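Heads up, the next two complexes both have chain A, just with different partners, chain B and then chain C.
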Partner chain A sequence: MTTPSDSLKLLVVDDHEAVLGGTVMTLEKAYPMATIRTASTVQSAQTELSYGTPDLLMMDLSIPIAPGETSEIEAGIELLRSLLERYPDLNIVVQSAHVRSLVRLKPAIDSHQAGFTIADKNLPMQEMLTKVDWALKGLIYTPRDMRAGIEVKPEWLEVLRLAFKEGLQDKAIAEEMNVAERTVRHYWTKVQDALEVYPEAGKNIRIQTEIQAREEGLID
Partner chain B sequence: MPTSKAPSPNRPTAARATWQRQLFPGVTVIVLVVVLRLLGMLQAVEWEALDSFLRWRPAEPTDQRLLIVGINESDIQQVGTYPIPDAKLAALMTQLQKSEPRAIGLDVYRDFPVEPGYADLVEVFTQSPRVFGIDKITQEPVAPPPSLPPEQVGFNDFPLDRDGFVRRAFLGAFPPASHPDAEQFRLAFPLLLAEAYLADESLLLENGRRNPDNMRFGDTELIRFAAHTGGYVRADATGVQMLVNVRSGASPFEVVSMTDILTGQVDEALIRDRVVLIGITTPSIKDQFNTAATNAPTHPVVYGVEMHAHVTSQILSAVFDDRRLITTWPDGWEYLWIGVWGGMGMVLVRFVIKPAWYVLSVGLLGLGLVGLSLALLWLAGWWLPVIPALIAFTFNGLVLPGFYLYDQTLRSRIAERQRVIEETYDAIHNGPLQTLALLRRQQDTLSTQASEQLSNLNQELRTVYHRLQQESLATTDQLQLGSQQMVDLRNALHEVLYEVYNETLQRSFPGFDTLKFKVVKFEPLQESWLTAADRRSLCRLFEEMLCNVGKHAVGAKRLTIDCHTTDTENLIRVADNGKGNHPLSASEPQSSPAASSGGRGTQQAQDLAARLHGEFQRTFQKTGTVCEIRWPLKRPRSWWQVHIWWKH
Partner chain C sequence: MAIEIPNHIELLRWWHRYQAQLLNQETDFVRNGLLQEIIALRRRLEVACHTHPASQPYDCHTQLSEMQRLYELVEDFCHRLESPYQQDSLPLALQSALQPWVRSLNLQTELAQTWSVEPIEQTRLLLLLTKTLFDTLSAMEPQPTTTLLTLVENNGSKQLWVQAEYEPALLTPTFATSIEQALQPFLETFRLLAQADCAPMFQTDLFSLKLSWRSPALAPS
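Our next item is the complex of A and B:
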């Protein structure tokens, strides 16, 4: 799982000293070569981002806007909303147990172009590292609570149809749909999240996706 | 999400609602003032304001073109009889003529001889073209002196306002139909004297150039009074009338007594080249008018001869000194002026926060309005609607803030309560829950039982939060869904709709059980002109669309939801591919708008669509059911309609 990269830049946003320390320590162990910066308020996070976009941003939802203020979930939601709007290519991991507060951002998350995963704070560190890894790979992971069953966007269905009924490759699909190939790859990760198909050792994820999609009736 | 925070850009509704809440009462006050004025209810106070302002002006110098010869109480005592005999008047005028005045106006009725000395008076009247007399043409007419040529007779009537005060003067008029010589247009006494004076300067009485209804001497047009001039409402503007701009100050004119003239005690300079008015100046003989506009010692009455002097003086000063006549604005400008001040009263509260400063600034601005109006009357002769503007301004400035304050207090109390709840939650979240999270990360080292209890504790704490959160939302900002879940309506509409979707789909309806997957598209909607009520209704409608799928769709495998904005309209569509066991499908198997046959829900949907100038449609087909509402992006209505809808 550890894919050390000498130029990896991570930004961790959390107002809780203890949690921040623990998270950073775990990340340092997993990514020894990475540069890890931290921020504890919305303002400092924005300042950090203005220095340059990191490879991954990991954030808590309950943070204060400025030092000395109380932490609010709303502040974190608003920060996340602006991040989704302004940095469509930023990989994001949200650490939170308040999945319900995130439901209304689902449309924006669905349009996000890069990795986006949600890690429950209560889960062991190993789980968190998996979510970090997925996000770095551009994958999408949202907990089941955030979805009302299987939920897809029209363009994702089109990708499935072109791939599994027409047998096209990503490049051809991109041409057919008049989008970038990168976007098509991104649609794949979205639909895989919807079908709850996640990377597993020794399994071909595309085939897993096809099996699941047929089972659920997304392709006839 | 404390409401005390400034609303973020994606929450325009709350700010707009507040603005409308303040706009409506303020505009009502302005409209009310305008209506009261149009009904004439403010006429009396506007008159009084005009009188007071005229009186408050600084004193003007004594008029050098007029002389009043007052027949006062001691004159009458000395003569020993009243009316003053013709001989006395003839002697007085003969004496005056020695000093060559430009005109002598005798403001004393001589419709019949008062012996002794009638012959003397007839001689003066017939020999002197510069002697003018009076008659009275309205109410109970009084005939002119029989021996005086008609062109030397002016009528001495004044038009009276409903409160009995003089603020206008006749310049000329046709006598009433009952008058023996009703067909002959007559000039008023003071105008006749001015005309005689001006004739020596070759300035003749002509029709106006700017307005042919006005009378004109040279370049000076005497502004004709109309029924709605200034503060007047449906006044009697018969004949040619003019607002009287009295000469301010305690001694506007030189006044001497009859005895002074007869005994030769008056300097010739006071008579030469002047208009000399002769009239009664004793309260024992009732020749007086009510006027509150002068600073005369007899305030609030002046002698008739003084009133005439004011009018003659006003005309002469206008011609020679460019002294201002009283000018008014066209009605439209007057109401705009009232509206502007009413509007200032409304917005002032936004600029001044501290209550003490606020009252002070309302007071200062009100005084400023009065001062400005006074200055404009004094310097430019403008009579502005100061009272209606002052009412609109102070009412909006002082009474409405109290009204808002009550509203505000109520709101801030709710907001305060909400803040406490949120802080309580944040405290729980930032303290115990974080510690708990750290503990649970080490669950490997804990016993299964302890781990499970920690998990329960975690769940319990979160339950407390959810209950608090649901209670804390103000009722206008939240929508309770069928699932009992609360949705915060202040967020962007497509996000709120997503929440509604997410919640509703978790309810147990037979139609949802068969669903294999959903194809959803929630994109930002153009919602800048939607009211809070519209948003609420749209969410309700959307919830109902989804519930209908859950209740009526049979064997639907796919649910398609489309919510987006095109170049011209917004669209919310819910479609399923079930067999459609909808209530209407039996009777109307083909596609049809469910306008007439729909139930209460459909009717509400139609109403909402009509309100948004859009369209609601439900179509049943073999391949499934489609239900949609679409409405245009542009707002096709005016603000006051919005308010009515917003209220409801």
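Our next item is the complex of A and C:
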């Protein structure tokens, strides 16, 4: 469930002052009542997180470990790896000019329980805000070129089968699969990302998922 | 000071790895500098245009399009310096690098979804080799009816296989010579670095190139 925007807490991590300023300005326009904190290094990001987990963390990948050090993708990747481990419920947007390096963390991203979206820094403002909105809603978005073909896991296929062949709702699917209903919702976001089905105004995302799953031959 | 007689293959490997790392550093330098400045300018422009669209002394749409074009030019330059995914995944790097030939060569790919660690110099060499091959194929007559690139890994045994099919009886000895001349330096280098088997094959309606090698840890010493 999305947190009401008046109580949102956002943390933005970027070492480039002008980019950080631009991102914060953009978020302030979209979420005027939100509290936005910033960090420019791995260490300051960790310090900010120690004060409390935000509703969403937006981070660059190329950042320094400490003030005065050189920005490195490895530093951002390692920070993200530790965040995925320690904060399974944290909604994350990676906004970077190095998004392809995220393929190194693909297994960890695949098992992340909360929202996770990837926004190339070159995205227009409105598209960047869409990725923020999706992450806040707990959705998953990874760019197509990070995948060699459609990757689906057996449990995602089972969700599709139970929903579209047996006609079950999430609660019944959860009982059938012996998992929490929340886990079923997580499987939905994963399979929707694999099928590249994302929220669109006026369209029912479950029906879009069924259409796409049939087109790809995942269900008969 | 005594100078040891070098192991020439190791020296060649070092040189290729050094070149790959150097280009990676240069690419990161551009991404962390110039691209970030463009992004910052763009965000400021977007916010200004969004807030007071009528009071700007310029056409917002045109300015943002120009900014987008500039970003894409610099990003394309980065991709020329270093293919996307080169540092991380051979299948994804191939998938990205071969996009320009999908339509012109009717190229289809069957790529492994996971790939064990590939030395960076080998990934770079394979990308250069396949790009040169497809450049050559697309510049020559006749054009293939279909082209298939397959990349598989099985228990540390790796194989990259390209097959280009043609109308019957169209391929000539001249065609084979041109392909061989274009590929030979790459194939010889890859054979040395990866201890690979490289098997080009020509028929009158088919060109096939099969490269087979082992993961470094499993390769015979």
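Keep this in mind: the second predicted complex is superposed on the first by the 216 of 220 C-alpha atoms of A that agree within 3 Å, B and C clash if a C-alpha of one lies under 4 Å from a C-alpha of the other, contacts with A are read in each partner's own complex, and residues count from 1 in each chain.
As a convention for this text, a contact is a pair of C-beta atoms (placed from the backbone, for glycine too) under 8 Å apart; a residue touches a chain by one contact, two chains touch by 3 or more.
Not measured: the values here are computed from a predicted model.
Undergrad: Put chain B and chain C onto chain A via the superposition and say whether they clash or fit.
TA: clash
Undergrad: Does the superposition put A:L105 against chain B (first), chain C (second), both, or neither?
TA: First partner only.
Undergrad: In the superposed arrangement, does A:K29 touch chain B (first), chain C (second), both or neither?
TA: Second partner only.
Undergrad: Contact-wise, after the overlay, does A:L157 reach chain B, chain C, both or neither (first, second, both, neither)?
TA: In the superposed model, A:L157 contacts chain B only, not chain C.
Undergrad: With both complexes superposed on chain A, which partner does A:G21 reach: first (chain B), second (chain C), both or neither?
TA: second
Undergrad: Once the structures are superposed on A, label A:G217 by its partner contacts, choosing first (chain B), second (chain C), both or neither.
TA: A:G217 sits against chain B, while chain C stays out of touch.
Undergrad: Of the partners chain B and chain C, which touch A:P124 in the superposed model: first, second, both, neither?
TA: After superposing on A, A:P124 lies in contact with both chain B and chain C.
Undergrad: Using the touch criterion from the header, give the chain among chain B and chain C with more contacted residues in chain A.
TA: Looking at chain A, the partner in contact with more of its residues is B.
Undergrad: Does the superposition put A:E74 against chain B (first), chain C (second), both, or neither?
TA: The answer is first: A:E74 touches chain B but not chain C.
Undergrad: Overlap the chain B and chain C contact sets on chain A and report the shared residues.
TA: Comparing the two interfaces on chain A, one with chain B and one with chain C, the shared residues are 16, 18-19, 22, 62, 71, 73, 97, 100, 103-104, 121-122, 124-125, 146-149, 151.
Undergrad: With touch defined as at the start, can you tell me which chain C residues reach chain A in the complex?
TA: 28, 31-32, 35-37, 39-44, 46-47, 50-51, 64, 68, 71-72, 75, 84-85, 87-89, 91-92, 95-96, 111-113
Undergrad: Name, in rising order, each residue of chain A that touches chain C in their complex.
TA: 16, 18-19, 21-23, 25-26, 29, 62, 71, 73, 97-98, 100-101, 103-104, 121-122, 124-125, 145-149, 151
Undergrad: Would you mind writing out the residues of chain A in touch with chain B in their complex?
TA: 15-16, 18-19, 22, 62, 70-74, 78, 97, 100, 103-108, 110, 121-125, 146-154, 157, 194, 216-218
Undergrad: Along chain B, where are the residues that touch chain A in the complex?
TA: Spelled out, the residues of chain B in touch with chain A are 1, 8, 422-423, 426-427, 429-430, 433-434, 436-438, 440-441, 443-444, 458, 462, 466, 491, 494-496, 498-499, 501-502, 505-506, 515-523, 557-558, 560.
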